[in-house]
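Note that the chains are named A, B, C and D in the order they appear, and that numbering of residues resets to 1 at the start of each chain.
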Amino acid sequence: MMTIMSSQFQPVLDRIMAEIDRTPGRGRSADYIPALAARDPRRFGMAVAELDGTVYGVGEWRQPFSTQSITKVFTLALDLAREGDELWEHVGREPSGNPFNSLVQLEYENGIPRNPFINAGALVVTDRLHTRTGDAAGELLSFLRAESGNPDLGFDEEVAASETAHGDRNAALAHFMASYGNIDNEVPVLLDQYFRQCSIAASCADLALATGFLARHGIRADGGRLLSRSQAKQVNAVMLTCGTYDAAGDFAYRVGLPGKSGVGGGIIAVVPGRCTLCVWSPGLDERGNSVAGVAALDRFTTLTGLSVF
Amino acid sequence: MMTIMSSQFQPVLDRIMAEIDRTPGRGRSADYIPALAARDPRRFGMAVAELDGTVYGVGEWRQPFSTQSITKVFTLALDLAREGDELWEHVGREPSGNPFNSLVQLEYENGIPRNPFINAGALVVTDRLHTRTGDAAGELLSFLRAESGNPDLGFDEEVAASETAHGDRNAALAHFMASYGNIDNEVPVLLDQYFRQCSIAASCADLALATGFLARHGIRADGGRLLSRSQAKQVNAVMLTCGTYDAAGDFAYRVGLPGKSGVGGGIIAVVPGRCTLCVWSPGLDERGNSVAGVAALDRFTTLTGLSVF
Amino acid sequence: MMTIMSSQFQPVLDRIMAEIDRTPGRGRSADYIPALAARDPRRFGMAVAELDGTVYGVGEWRQPFSTQSITKVFTLALDLAREGDELWEHVGREPSGNPFNSLVQLEYENGIPRNPFINAGALVVTDRLHTRTGDAAGELLSFLRAESGNPDLGFDEEVAASETAHGDRNAALAHFMASYGNIDNEVPVLLDQYFRQCSIAASCADLALATGFLARHGIRADGGRLLSRSQAKQVNAVMLTCGTYDAAGDFAYRVGLPGKSGVGGGIIAVVPGRCTLCVWSPGLDERGNSVAGVAALDRFTTLTGLSVF
Amino acid sequence: MMTIMSSQFQPVLDRIMAEIDRTPGRGRSADYIPALAARDPRRFGMAVAELDGTVYGVGEWRQPFSTQSITKVFTLALDLAREGDELWEHVGREPSGNPFNSLVQLEYENGIPRNPFINAGALVVTDRLHTRTGDAAGELLSFLRAESGNPDLGFDEEVAASETAHGDRNAALAHFMASYGNIDNEVPVLLDQYFRQCSIAASCADLALATGFLARHGIRADGGRLLSRSQAKQVNAVMLTCGTYDAAGDFAYRVGLPGKSGVGGGIIAVVPGRCTLCVWSPGLDERGNSVAGVAALDRFTTLTGLSVF
């Protein structure tokens, strides 16, 4: 691994921003959630957080956006911290090899989702966290506020309502897994918890900071331990193999970092032991990942040599 | 990443060997290839090679075994070195989410295999390398001999004949892809090339050395460059996400290194910039990976902290 | 086709009953609906109704049982009578080639179920009939009462409640199709309608009479027309190719009549232009069809020559 | 069933011909077999054969065309006559619910094809007939010559060669089933037998006559018995449920007769106890059935009332 000085992060971000601005073709914003459909695909922000909480940023790095599936990482960590390996009896950790909301593999595997980052898997994790805390979404929000140091983070009620109104696919997944006995809570309760988590709005700075515990081998911003060293490594491994829908292989190939994307256009990424990143741009490719976001991370690892490979 | 001194490799290997010897339940040796079926699942060897070619070993680390699918890594590198990114128009780089010889996904994706490490993908890579060299298996053997410094490496004719006799599944895959225009050579010619590659016998020491170029960012044992720095990173990424059949997620979760297994019981693994490993034990789990091999690599990364995460 | 005198129906039924009573191995009663699980698989009844309403019977041919999926035939006919061919834009008429509640094919075909007799297809038909009548279940009950001449037919509330409590799989199907825009009513409303239809209790005599319109080329018991001659033929065709879950080919091969089974153990069958049959025995084979029921129909067609082939 | 006088067959055929000639849109001829691609989709012929061998015809009813999959019916009957029910341990009799050359279901069902009329199933039947006779294709040709009374029937070497050259899909199917132990002969030998059968050229008159045994409950043209009454009924049942690729339900719905189509544009159909039909027109719909052929049979059953339903 090349050595990069922290003082170099800002020039690298500036250079990426300049190159991205000249890139045509930014994909399209998500249209299945009406509240997200109007976002301009040319918007862009990026932040890097060091282990000590120092943050560098460029573009709209302080602009809140809809986190969507990015929150699946935090829900996974919060539940894993509570129940440990028992979770893995209810959700797998293998790539799905299918579009992100497929029911096919779920049927062939008797209601056990392939991993915690496809929608079915995230529903299971939320269900279990909710059983253990009585308020999965609240637990998540508290965690994100604490790690980012931003008490203003909150649910976006417009987005949550919009998802609920278009939530038949997720309702189908939840009922289907319930038919196999893999859901504990009532389906409407679970869906409410799930959609509220997805609706949280946060900025690149917020999310880069909140992801810090994965670069610090499980240690939270306040020095307390959320995950064991081994568990932190495991969450990173699941992100690398399953974090970007059906493009995990391509993401590993191009970027080479554990990462998790959301259809709001955000992507978080981890350089274990070194730093965390978050990039945002609402234009998506056909697999649901931010076009400019992946390009920016690709450029970052090329310029800095900070890949895990 | 913790710091580990090279002088610590031998004690770590000795400790792993001692622990493995006390482990009951070693799985079963592969039985679909008669020539492999008789291997004792309790046999074990392991080697670590440093970047400069220094090798440490334990158990039967100098005992040749059947490399099988491990050779897919080298064939991929050899073809990628020749044709570059054009290869990726003929084979994907996403995890398959299905058992290793499935035809299902191949049909849904019009004859383009998901990645170079499922059998279908390896057939495509072999086909293309054979078109470019006129002797894919010979090219591979020369490479392995040169990198391992072992001129005695050779094909195991008994194993190759055994695979040919039981090769209907691979013949089906090859004809199926040919029906989509994704195979250039005659199917019997291709199968002969493919089975000969799989039949190569090599030891843990040989394979740890031969894998060195992936830890040296593309540089061969003699200092020449096989792959660009970026290509070496990419091969490592494909290994991490697709290298252990339908257990890539589990392997990343437990071991956290790019790796590739074979049904002969061997597994190679890469610590980029640091060292390469090869472990062998013929007892397989239900997904085709060596039980003791995965356990030994898991233990190695735990003891040394040498994971990519 | 051989000629059989009506006076021969009773002796044929008596003979079948005698043979069936000596048959060991009757399968198991459905256990996914608790209210059905306790039924004794050795019970047996059978009725034949001529076109003029004369009924012959044997065993427990006047014993009400849970009609379950048999009602799908009547709901199909009632909706087809109202909306005609437009229905076929929302549900197919091809065999499914998969177990009866599979989600797989539904996903590959964008929310259009393969035929009206798999659960997904029946949900669509019920949904459409409910939109047109405001009370699909009530419409069905009225029809069955009128055709059977039995005003005591009614819903079995215990069975309906039991299905609702275990209805996650059907809820998943309904939400899934709703996500494709192929369901008009609210899912809970639809499920209530659907489960009430399935819960109707009726006897072999009732159902043989109610099926009469399909042997009379669309003419109801009172002489009025429900379906055109062509539509009646079409419903028979769908029954023959899709009426017995994943055993339609086997049923056609052995019995050779349009038929429809239910997990309550009943089966109706049609000899166009001649008579209708209903048989009941709660022991099911692994595909959900009554073991003694299929055997009795097989015997009936062999003894009388009354197959369509 | 309405009564129709034999003297009415000719006027019905004439009327159908007149209507068909005014129908625009005839689909496209098969293009995956080059030798078939050039056929004019507007060509049309149709024949009806009575039980006694009297034949009525219209259009090009004496013009030989490529029988293709139609021969699967005769191969099935010839093998069933020899080995009886044992055949059904090697091939199923359920509709496939998938396009005609799908490998998916074959994999899920361990190398047992769904029915004898998908390519995989026909390969198994041919394989078994070849084992029993030493010359499956010759056996078939002899049978067709005898039943049609036409000694000039023969293989079309151009078509057979063309299929062999484009036969990778069938080679894949055969090797795949061989990997499950469900093929006895060497794959190249089997494919040669299979393609020769498909290449037989025959006219509507020839095929209507050759199909006669299925309307005569198993009796051949010379009065000898090929199949038992029960077996003849069973072959008709398999034709009705599986005879027209993924359109069997639609064919039953529209035509209501046991039938079998081929990509050469021919379709045979059976009115048990009454007559047999063959229609030919090379323009195919997207599921591989003759557009004008299905329309003509639909019209025939509507005009005569000769449906099984």
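As a working rule, a residue touches a chain if its C-beta (ideal position, glycine included) is under 8 Å from a C-beta of that chain, and two chains touch if they have at least 3 such contacts.
Since the structure is predicted, the reported quantities are computational estimates derived from the model, not experimental observations.
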Other chains in touch with both chain A and chain C: none
Shortest walk length in steps over touching chains, chain B through to chain C: 2
Inter-copy rotation, chain A to chain D, in degrees (Cα atoms; steps of 5): 180
From chain B, the most remote chain by mean C-alpha position: C
Whole-Å gap between the CA centroids of chain A and chain D: 55
Between chain A and chain B, centroid-to-centroid distance (C-alpha), Å: 31
Rounded Å distance, chain B centre to chain D centre (Cα mean): 48
Touching residues on chain A, where the partner in the complex is chain B: 1, 92-98, 105, 114-115, 230, 232-234, 236-238, 240-242, 246-250, 252-253, 256, 258, 272-273, 302, 307-309
Chain A to chain C touching residues, read off their complex: 102-104, 107, 168-169, 171-176, 178-179, 187
